[in-house]
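There are two complexes below, and they share chain A, which is joined by chain B in the first and by chain C in the second.
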Partner chain A sequence: MLTSRNAEAAGRMATTWQHQREARDARLEAGTRLARGKIVEARDATRLMEAVIRPGDRVCLEGDNQKQADLLSRALLAVDLAKVKDLHMVQSGVVLPEHLDLFDRGVAKKLDYAYSGPQSSRIAQMLFGGKIELGAIHTYLELFARYFIDLTPQVALIAAVSADREGNLYTGPNTEDTPTVVEATAFKDGIVIAQVNEVVDKVPRVDIPADRVHFIVEADKPFFVEPLFTRDPAAITEGQILTAMLAIKGIYAPYSVRRLNHGIGFSTAAIELLLPTYAEKLGLKGKIASHFALNPHPALIPAIESGWVQQIHSFGSEVGMDDYIRARSDIYFTGPDGSLRSNRAFCQTAGLYACDMFIGSTLQIDLQGNSSTVTASRIAGFGGAPNMGADARGRRHPSEPWLQAGREADPDGSALLRRGRKLVVQIGETFGEKNVPLFVEKLDALALAEKLKLELAPVMIYGDDVTHIVTEEGVANLLMCRDANEREQAIRGVAGYTDVGRNRDRKMVQQLRERGVIRRPEDLGIDPLDADRSMLAARSIKDLVRWSGGLYAPPSQFRNW
Partner chain B sequence: MEDLSFHHQARTRAGGTRQMAIIGVVASGNLEVLAERVLPETECLLEIKTAAEGFGEVWDAVVADFVERYSPGGLKFSINDGGARPDTVSLRLAQAVRLMAEDEQ
Partner chain C sequence: MSIAELEKPSVEQARATSFYEASARARVRLLLDPGSFVEFIGPEKREVSPHLKLFDLPEQFDDGIIVGHGRLAGSPVFIAAQEGRFMGGAFGEVHGAKLVGLLRAAKELKSIPVLILFDTGGVRLQEANAGELAIAEIMRAVIEARTAGVKVIGLIGGRSGCYGGGGLIAGCCSALAVSEQGRIAVSGPEVIETNRGVEEFDSRDRALVWRTMGGKHRRLIGGADLFADDTVQAFREAALELLETTAGFGIDTLNAEQSRLEDRLQRFGACRDAVDIWVAEGVPDAGSVPALPADQFIELADKVRRIARDAR
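Presenting the complex of A and B:
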């Protein structure tokens, strides 16, 4: 009689459980023929790709929102299509032209991604034209999560500052996605290829241990990093200053928000520059804005120098901030070598679970408060905003802002059983660039979803997560709206002279104002005429350099001296 | 270019004694406002030359709210608009009223 145990054993003898490892070893062997140790010459990078990548592979080409494995992108683009084709790209950022050239050439076929800022227009055209088979547009954490479940890369092409001959990597301040990508690839029998700016005898610190790295390609020039988080104070308008004043006095102060994340727009840059001036006069120092999940924004330098900020954890770094960060290790996370250690996955998690507020801009907000950065011709993706700008349903620790928001949403609920709420604030001016209205009856994202036959419209932040909308017209507190109609009128009430705003029910908006659901500048004791550029702690990039004691070294496009 | 004109009754006379004030610049997305104290105390007139056509309804709404909020009786406003956004228009008009509220220098 065959017992079940025997059957199991018999099955085991007939089956191999190490196909993936064997496949990896075969790929490694093919690649090793081109390498000395782990080191492959840059001119052999394309041959290396052809040796280790198979048609249809899932490939993560490290494109973060800042750091780019640009040499490896070009090398992949040049492969012989008889050897490498139809790849499934699983990468957080589609940022370089080469990332899309891969699809034009047929090297890649399918795409799962999170962010496509600079390529937002071209990616839209290629999706419309059927050049790209779209998996989904993710948030960062969501894509990282799928690396470990159903989108595990067979090959990862990553970027680091330096490597030693063993393959230990120093990623420098822009560590970003690298540890996550390497973890998912290397521990599931994938191949990891790193482009590095230089090979050294000893790396300044080990960000990625050598046994997770299979090949090193020395690049002839440093990998590309985009200064994505630098906002020139000179470009901040009076309207943005007014909106920032409303946010500080209407939201930061009453909720005592200490732990938060800021988006990258000019409105939040204005808030950062008003902390040491306007907020200081309001007596808010020490009470708000002390702990951040945030990239090293240059605009925050004056607040840091004035003693406002206690701690910042970062997704990535920012060009020109390295020396400043080194000198301010009390504020930033730094390695034994002194330079910043960033980590996108951890910082996104921090923003989701340990921050009480997200405040950021968007391009369109509808009558339910849904917001999207997708417009008819641009698909910018989500990046991290949806993780920051979402109520974390798994959160269990109390904090005053979180509890207060929960009380406002459900004043009659039991205090001990009531969930708190993350403050999710959308900030912007009623009209954006070229007089395009921020508020719309219907998001362009819906038209796009219909056109591309997507199952889900690309909504950046869902209306039921949004708690406040701030414009130059005032603050709308959506937590205090009791039904969909109130919510719609609260949104119309701060939509100014857009069509959405002009079609408001004036009487109902007045009632909402009396209840404090809508608060106008005068309700908050703010005179719009006081909104003046002289209130900004820094009015130019040069001012920021001065505040930093010369430690901040802005990239050339931000220098006019 | 489009010319628009709005005539309103104001509740009260605009404060101050200044006879004339000018603020803003004619530039893309901005506007220049010339305010003159030349009308009867409860009259208010706005004459607009704008580079952006087809926004009459929005101007109507912005001007009505402005008159309601600041009651600029006695003032005539001549506006050269370079396609400014409504919030910028509101701000410049309010700034003009504030300048007029200052004493004659």
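Presenting the complex of A and C:
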């Protein structure tokens, strides 16, 4: 009796332990009816979705910050709601209009994401209107991490350049999130569907092995890629050049920062274009800015060509940079086929653990140094900045900039036990676009969190991670502030004529300046009148093309010829 | 830089200075003979716009245009330069009146030519009626000056191009020189897209914008008479050449201009894209025109299109 009961229990367990695999096999079988081998016609893509996706599934629709599985997103949007609905979307980028149309139609219900740049205004409206049930807004690494713990997709809809008939995928230079998404889905009994620009006999290189890919859909046109990291040098202002000069002389030089990440923005583009001119004159070549976690910024071409840069690992690629990257494999990571291999998860990790500095712009900074790109009507999400712009508590290897920053923060601590600090620099003009002040008493993100009843305000970079703020009025070193009041006055002291700046305690700001916590342009030997566009190594996109020896092919929207 | 250097710019400086990048004042200073410029109604007079403060908008003491006289290779010229970085170089009431006054003075004197350094998006929306009136007055003043024997030369290579009413005024000038960056048109790219749809004209496609409105295309279809490299010195040399070669003005000129335009419409009216026009004009490897360096383009343009000296 006892024995047979045990056997019965064992038998029951044997079937239940493979529940997910059986479910996957059932989905695969339903999908295979629409396929020849792994290949499904584009016109059958919606039927494929209906065959393999179940109501309430967690689905990763590959929307990265650059490349988009646009055909698959349209196909998913068209499903029969009787078959597919209430999906839980887990994707890093909410970028295409279709990504939100899914929620309008009821195909999807819940969202966990990281970045929503171009949809920032509509996503805010939909969150206010209750159209989207929000899980959380993540940083990239955070969302990727949750793919392996509690947000593992049942279905991943991804994009690649080409596939062979077995299903091996070539992602091209924009590999981005794909390996991470596929890893989490395929090895946990999920289904992977790839849209490809073409099916070929042999792929140039295997970015994703065939046994992780279940279905291939050949798209009628190449997947969409946004040139997100191109900044036209013609649009760089003298104010931005001044802040760039202050950053180079006031931070890069004294800390000898060699390993770093640059945010997107015109101030950092200005820094890149001042390396071969201004920084070269200061004798900094070889001493700063040699190793980057960075997308292939066209603005960095003059510095690369002038021998400044040794190595760059990239999150994604950049439209028009392919031939240049191929020809500069000493600098970039490339595959056996010669083209760039990017990887967002690895590059984010590199930026977090192996870089000594992050420098980037933001929209609002408060009196504690918290910053956010959320405004009352826009939720742009986070993307990469919070990981780049955070002190890595798990870091253990020393480097001079990291140790020096640690010393400044805790001069009396024991050298052998003192943590170093990553340099986290916020750079911007005191009045940004449309004369909106950069400095505020209270972040809009707080008002938004109250309105949406969020448990956490969407803060891009927390004040306790920020080490320096650079504006045209000077550099504030927050590491050297000893209490909250000093910190506040150091921030007010570089906030210019904004309300925050005008309400400074003049005496205290003066004292901070004497201690070197605040350094004005004249304290650094910089004459603001020297901040002239003629200092830029390139003043137009065409100059960048010339620097690249004709290898950089800017997309049409950036050409003025 | 010492005051003496400021007052005596060298040819080298003019060669090294991008016209596109330079301010209106730097353009005037480097284009004319060193130290010869004398300004009328300068910023010290504070003749600001009477309208902008109603909109709580910042004013500029010269209202975004510099007018005055100076010398070019020793000969006297009148000169006007718009500042494209102040309100997109747009025409307002005071801005327009300064140019009208300059042109009327030239008409009175009959012998001193006028250089207009356009850099404008058109009429300033905040003073629309006054601005539109100014455009009409300027066009009349240009034609009256030309009728009196004055050459009016337009130089176009600034950030804001030469749009709206500026495009109309440019069309009235005796001759135009343009650089690659310079754009000449009436309706701007965004206006066309808004009214006719993105299929008609995608304003974000900058390569399309430039090959439709940019300097190279204007030179190739005869909309501009000379192509200049993007330096102040190149524009100075272009101005000198145009002053020397431009013919007089009368009913014959207008008739010739009319038939030139009719002919152009007939030959190219069906073309969908600027490249089609270049192909029809016999430009070899037309697709490569946008990427050609200035010197090679000038050589090509001189071969393809002789300047119609009798028209305009």
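Just so we're on the same page, the second predicted complex is superposed on the first by the 546 of 561 C-alpha atoms of A that agree within 3 Å, B and C clash if a C-alpha of one lies under 4 Å from a C-alpha of the other, contacts with A are read in each partner's own complex, and residues count from 1 in each chain.
As a convention for this text, contacts are C-beta pairs under 8 Å (C-beta built on N, C-alpha and C of every residue); 3 or more make two chains touch, one makes a residue touch a chain.
Since the model is a prediction, treat every value here as computed from it, not as a measurement.
**Q** Look at where chain B and chain C land on chain A after superposing the complexes, then choose clash or fit.
**A** Superposition result for chain B and chain C: clash.
**Q** Mind working out whether A:S414 is in touch with chain B, chain C, both or neither, as first, second, both or neither?
**A** In the superposition, A:S414 touches no partner, neither chain B nor chain C.
**Q** For A:G496 in the superposed arrangement: first (chain B), second (chain C), both or neither?
**A** first
**Q** Scan A:R559 for contacts with chain B and chain C and give back first, second, both or neither.
**A** Second partner only.
**Q** May I ask you to name which of chain B and chain C touches more residues of chain A?
**A** After superposition, B is the partner touching more of chain A.
**Q** Touch check for A:T16: first (chain B), second (chain C), both, or neither?
**A** A:T16 contacts neither chain B nor chain C.
**Q** Based on the superposed arrangement, let me know which partner A:T430 touches: chain B (first), chain C (second), both, or neither?
**A** A:T430 contacts chain B only, not chain C.
**Q** Where on chain C does chain A make contact in their complex?
**A** So the residues of chain C touching chain A come out as 18, 21, 159, 180-181, 204-210, 214, 216, 290-291.
**Q** Can you list the residues on chain A that touch chain B in the complex?
**A** 238-239, 429-431, 435, 472-473, 496-497, 502, 528-529, 531
**Q** Using the touch definition up top, name the residues of chain B that touch chain A in the complex.
**A** So the residues of chain B touching chain A come out as 52, 57-58, 61-62, 83, 85-88, 90-91, 94-95, 98.
**Q** Residue numbers of chain A touching chain C in their complex, please.
**A** Per the touch definition, chain A meets chain C at residues 234, 533-534, 539, 556-561.
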